[in-house]
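Below you'll find the structure, written out as structure tokens, and then a few comments.
Chain lettering (A, B, C and D) follows the sequence in which the chains are written, and residue indices restart at 1 in each chain.
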Amino acid sequence: MIDSEFDRRDFLKVLGWGGAAVALSGCGNTSIEDGKETIVSYVQAKDYVIPGVAVYFNSTCAQCDAGCSITGKIREGRVLKLEGNPESPINKGRLCGLGQASVQHHYNPDRVREPLLRQGDKGEAISWEKAYGLINEKLSGVKGEEIAFITGDVSGHQKVLLGNYMDSLGSKNHFVYEAAAPAVVRAANLKAYGVEMPRYRIDKAKVVLSFGADFLGTWVSPVHFAQQYAAFRKGVDGQRGVLIQAESKMTLTGANADRWLAVRPGTEGILALGIINALGIATGDVAQLVKDYDKARVSRDTGVEPSHIDKIAAILRLRSPSLVLAGSAAEGYVHGMQNAEAINLLNYVLGNVGKTIESPVSVPFPQLAPSKGNTASLKRLNDDLAAGKYKVLFNIATNPVFTAPASYKFGDSMAKAGFKVAFAHYLDETALQADLVLPLDSEMEDWGTHVPEYLTETAQINIQQPLMERLHANTRGMGDILLALVKQRKPEEYKAFDDYYGYLRGAMLQNKGALGGAEKDDDNFWNDTLSNGIVKLSGPSSALSGKADVAGLKLPAPREADKEYPLRLIASVTSNLRDGRHTNQPWIQESPDPLTTIVWDSWIEMHPKKAAELGIVEGDIVKVTSRTGSISAQVYVFPGIHPEAVSIPIGRGHEAMGRYAKGYGVNPFSIMDSVFESTTGELAMHETNVNIAKTGQRVIVVKDEGPVGGKQMGARIAVSRSTDQVDLSKEV
Amino acid sequence: MSVTNLLDNWAEVRHFHPIDDKPHDPYKWAMSIDLDACIGCNACAVACYAENNLPVVGREKFQHGQVMHWMRIERYWNEDDREFPDQGAEFLPMMCQQCEAAPCETVCPVGATNHTQDGLNSQIYNRCIGSRYCSANCPYKVRYFNWYDYPTTDNVWPAEMNYQLNPDVTVRGKGVMEKCTFCVQRLRAAEVTAKGEGRIVREGEVQTACQQSCPTNAISFGNLVDPESRVYKQWKAQQVDLAKDEQEKDKQEGGSDLRGYRILEDLRTYPSVMYLERVRESAV
Amino acid sequence: MSKRHLLALYGDFDQAEAVVKELRNTKITGFDVNDDMIVKSPIEHPEVEKFLGEKPVYVQWFTLIGAVIGGSLGFLGISSAQANFFMQMKGGKPIVPLPANFVLTYELFILGGVYITVLGFLICSGLPAKRSPLYNAKVSVDNIGILVKAEEAAVAVLKAIFAKHQAIEIQEEAGK
Amino acid sequence: MKDIREDIAWAKINQDVMKSLENPRPMYWVILFFAALVLAVGIGCEVYQYRTGMGVANLDNPHVWGLYIGTFIFWIGMSHSGTLLSAILHLMHADWRKPIYRFAEAMTTFSLMTAGLFVLMHLGRLWQFYYAVPYPNERWAWPNFQSPLIWDAMAMFTYLSSSVLFLFIGMIPDIAIARDNMHSGWRKKLYTLLALGWEGTDRQWRNFRMTYLTVACFLIPLAVSVHSIVASDFAVSQQPGWHVTSFPPYFVAGALYSGCAAIITLFIILRYVFKFEDYMTLPILKKVVRLTFAIAMVWTYLNCVEFASVWYSHDAASKGVLIQKMTGAYAPFWWAMIFCGSIVPLIFAVKRFQTNIPVIFATSLLMNLGMWLERWMIVSPTFSHGYYPWTWDHDQWPSMIQWGIVFGSFGWFTLLFMVFCKMFPSVSMYEVKEMVYHRSLHLKQNGTPVEQTVEQGVH
């Protein structure tokens, strides 16, 4: 770590003081209309404003669910830049590009600023009183089972409050939806290790074999894994960790691999079994299972050369411990669960469980633990909606109209609910279909607590606190809205809490002892909590309980080529865009995709061999047709993809949301077939088959790389050498 | 102005190379970037946008090559004709190399780009008249010209988005050249604080925005004349000498097992950024 | 003592030469052939200079001085501008870079030379000048003119000489 | 055929040339009109560019210079032939230059003015251009004298002002003629003022001759240095394709070449428009054509030298640029340049075509085009194909705004030039008289025409 002690102390000095100020003023939660504020000269402004001097507050990044802690730089009451909070064991002071861009979410000109009530095609701005009244009115007489809630990952006290509200309504229909979540891997892990997400120790592994787990870009907790990766590459005593990535479409992690294997789509499990076979150290059931997976067959099925299988087996045998990861490339098939199980089996065979796969810690407050999202829930919700089961639908900041496969006809299903309330930041595709839109505070204006899904060294509760005053007078925090709603139902129980801040503070103080503040008085505890931004806890760690269970593990033979739709569509998740909720942040749009360097648009990745076969060159607009529909987009000829697959990133192709998102690119969900993973019911994202037809149009691809692409043309610019020519132990 | 002044200065500053005498006292800011650690995630580039008020030019202007990313991540493939890039890609963050003998400095007609005593290549925006000669002469092409007046261009900083602008950094209008500054606003603040306390800036006291965000710690930045600094140690360990256009270790028979190098070093630009070669496992 | 001007026009250089020779050889009181005679011609005519006798030209001295001043002041000016005031540090280059300064010195050398030469031309040839009292536009067509200035007494003698050589036209300043 | 008739009356010379100040052919007005129109378009484009930003020219970040700098070099280059005709040939006593050097000298001046415009409108912050001027300011911040652009500015200023002085001094006797012959009015007053009281006295002529000779002596190295310095803009940089030692002579040769081609074009136009058939005679044209041919071959040779030295060097980057020029996106233009610059002038090797005005005219236009392309091909390919492959940029083409400004510059030049030719005698009357006088004298003495000897003096 570069951060010296000096730096840290400096930080804390400011933070301790800043946190106190926040506590006193309740920044962001008193409004001028309340009459609680006094007019003062700017030179004697609020405690947290010193003209010309930056102050720093700690909070939590909400751009994804990894739960990185952030430190916001605030000048003159405006948040300017976010850095990672060095105290957090998750991101240790680092922050990814997506996190950096969240200030653009906060300052976004396209945010919803008033509660909007649908009047025909228009939204009419109404007051919050009216909005709450309307909700109360619409809920009257509606039975609990006729009310549904859809949210993304939710944790902490917002989750508690949401649960309380649902209880008060008598609704049990909480659908937690995440378009790109490792739900199949969670299920396979549960089966194999007894926990959904063990603690992966990439930093302890000498070899990492990843089946499409993009842990550097998009998978679970990328900033944390990237730091582990850095340690893994440095290695111990100069022995550098080796990364092998097997997937059909190169991810950011694949691009950093020592050996990248282009696997025929869907055969990841076969490769895993083939490697077990080649290792030759398995016994019993496992040996029985893999005995048919000899090199020749595996090589034929997966397209991986036999010599590579040998080399991988050799290095896995030689260097222990290793770590094998199953990622989205493995799980996105009908037999995704089988793939993931076969891959997890490798960890058992190699003896990694307990060494690089450790038992995870969990937060000692189960009510705060995250509800983990998946796509099966959306399928269920959609079926229910289509069946007309719900009269009222609360959508809390998700955008299923954009991310549901077109075949769901989610918009139509949703229309069957009588009253749809959307808690929204933007008027995105889903919010546009709502009857009532409630504008949310940005994460830099809101209070909250978050428990990350993936915990690292310690259990922790992340604090989210406002970094500045509300930008728009009429937005509200999610907690505030839920509190107001729950008060409608149970006014007596919640009357002690003026606002969500009060609720949150009260809830935290109540558990002061358990949160490590037993000897502090309330104010000190609260101020310390805010200034730290994190509450570290010693949570129970759930022991790994699974075993190498091969019962029912049966992998299908590789799919025969479909004559009409010969190519696999891989709807890829990229590190910039994720599921498209950040597309309206211009830094994200202009940040080149790491692998293709394309900006502001969608593209279709196609292997050069395939492109040559079809007579396609870069920039050709092609029509991609699946059984569900078709879209047209530009081709990017990309060597890092299996020739039988094409790939379109998700996240672009918005038809609403804002000026930076709308009209840029295409949305692969609109042609995705409704095929599901057989065990978990998750949407199988890689099971759509497509064909490609040239349209005859050609465009210049808007990208950062030059006309020679990634070639150096003899210049000595990016230099590479192999491990036998280097002595890392001499390095600093 | 006086003749004595003239003669004094003439005698004193007639050095041919800034590192031949002692202008780098007490600071010489330098960087080293480990390409083996760099994963190409773009966090540094976005952090640079946030810190340095870089405009988002939009799709059309990006297509016209008018993008303003001071830091760009380049993605290279191995150049042999294998079917797949089966050793992955190589990512390279490229920004102003703060050359010691910068080709851009000498050609500026108005002296808007100069060398500083602490070894930076500084751009004076309000002196710049936009001849663009500096960019023409930059081998790395890391200088970016304001082709339009971005502050007044639609949707670059629309209302509220402009609140994010960093008041420590100038917002550049049309017609001036700009480039990576090594976050000079942070350096100055640290230097001034340290001066007030009668010491020099300590290692780790100041970070550039890109370095601070980097998840893999691939970027180190610091004072190259401070033996305590990580950058100094890295340069030393890699036997890369700032003042040489060809390193001793590279002249050895059979090369060395050190991986420090500077890009286009043979052009005698004496860059202040050392890269460490990417490594790939030979056993797989 | 007032002098009067006479202008005689000749269509032929030989005639004009003969006139000049005669004027030179004839002693006329109140007329000095070196001071009071000006020969005007439509073209740059070496013969005219020949028969008028060699007269020194000083323009080249202006040139020399101009060029030397231009060059040396140029170099000193540029070097002192570089070494005084705000020094512009350029990595890898001295503050006073000689090759660059030589280029500019060269330009200023020429600039000084040309400017001062032109200045010298104006001074030496007395331009811009007042128009002489007698002028005939034919001089700018094809005639050669001999303008003389003489005392009243000499006018008649001069006229006679001009007429003898078949002057096309003799103009006379009106008497006072 | 004689290059000028000896029996032509001096009075007729005056008459004919003075007529050009009064009533040219209608074509004159047509040219003037179109020049003004094109200029108006150019001004419109420049105003738009000034207000919006340089981006409208469709330049981009590695490719920061484009047609502007290319055309700038073109205009600078064009200026050189005026100096060639007026100064070099003057020193060589090639007196056939006399009827045509005046307009060539005017061409020098006006093309330099046009080139200067490009320096300005190419600036991102035109309104701050004076930062590049070494004027004593309150901050005592000087321009950077190390920059070849400052050398450029200095050289151009020297060249322009010296050329104007040279043009003016050479014109004084003719202005005096104009003064004597112009009917009264503002133009007579102007000529009276500018003639400085010239009456053709022996003292004036004596100093005039010395001055003219001296300034001519200065102008030759100056002209060479100007284009060498323009070449240094590129050669002093370290970009592949520019960093070439042979650039200065190459540029000078190219400059003389394009200037000669332009002289031929203007020769033919002026001859027609102002009815100068008696003075701008075919034999003189033939001499210019032969001179141009010779220079074209010198240029071709230097071109080959440049390619060869790149080709046999071990500089992969420079080689890459050259290959890119020959085979890449710029190839059509590059080969057009080779065709127009090296192949087309071969027509001049055929004696029959040396006096065929339509052929010469067309050829001269093509050569001009070739030389313009040459400048573009020097500037742009290096930007699109530098040391850093990631930033290569082969698809960047000038926008209509950029083209508009480039075309506007041609309108500007033509307008200035045509107005000059109508305001001032574009044929040097006194020198044509000298020429006629010497010819007739020579004829009187030994009965042979002088043409042969003069020609030997030139080639």
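Just so it is clear, a contact is a pair of C-beta atoms (placed from the backbone, for glycine too) under 8 Å apart; a residue touches a chain by one contact, two chains touch by 3 or more.
Since this is a predicted model, take the numbers as computed values, not measurements.
Engineer: Applying the contact rule given earlier, which two chains have the most C-beta pairs between them?
Structural biologist: A-B
Engineer: Taking the mean of the C-alpha atoms as each chain's centre, how many Å separate subunit C from subunit D?
Structural biologist: Result: the chain centres lie 30 Å from each other.
Engineer: Measuring centre to centre with CA averages, how many angstrom lie between subunit A and subunit D?
Structural biologist: Centres of subunit A and subunit D (C-alpha means) sit 66 Å apart.
Engineer: When the centre of a chain is set as the mean of its C-alpha atoms, what distance in Å lies between subunit B and subunit D?
Structural biologist: Distance between chain centres, rounded to whole Å: 43 Å.
Engineer: Could you say which residues in subunit A touch two or more other chains, in rising order?
Structural biologist: 700, 705, 711-712, 715, 717
Engineer: Residues of subunit B that contact two or more other chains, please.
Structural biologist: Expected reply: 1, 67, 72, 74, 106, 111, 264.
Engineer: Enumerate the residues of subunit C that touch no fewer than two other chains.
Structural biologist: 84-86, 88, 90, 93
Engineer: Thinking of each chain as a vertex joined to the chains it touches, would you call that graph a line, ring, star, complete, or other?
Structural biologist: It is other, because the touches fit no line, ring, star or complete pattern.
Engineer: Can you list every touching chain pair?
Structural biologist: The complete list of chain pairs in contact reads A-B, A-D, B-C, B-D, C-D.
Engineer: Can you tell me which positions in subunit C touch subunit B when the two form their complex?
Structural biologist: So the residues of subunit C in touch with subunit B come to 79-80, 83-96.
Engineer: Applying the document's contact rule, which stretches of subunit C touch subunit D when the two form their complex?
Structural biologist: 38-45, 48-49, 52, 55, 57, 59-60, 63, 78, 81-82, 84-86, 88, 90, 93, 97, 100-101, 103-104, 106-108, 110-111, 113-115, 117-118, 120-122, 124-132, 135, 137, 139-142, 145, 147
Engineer: Hey, which residues of subunit D end up touching subunit A in the complex?
Structural biologist: 316-317, 320, 387-395
Engineer: Taking the touch rule as given, give the residues of subunit B at its contact with subunit C in the complex, in rising order.
Structural biologist: Those in contact with subunit C are residues 1-2, 5-6, 9-10, 13-18, 23, 99-102, 105-106, 111, 114-117, 121, 268, 270.
Engineer: Tell me, which parts of subunit A touch subunit B in their complex?
Structural biologist: Interface residues on the subunit A side: 1-4, 6-7, 75-76, 78-84, 91, 93-101, 103-104, 107-109, 216-217, 222-223, 226-227, 229-230, 233-234, 240, 242, 244-245, 250, 252-262, 308, 311-312, 314-315, 318, 471, 575-576, 586-592, 594-595, 597, 599-601, 609, 639-640, 659-660, 664, 700, 702, 704-705, 709-712, 715-728, 730-732.
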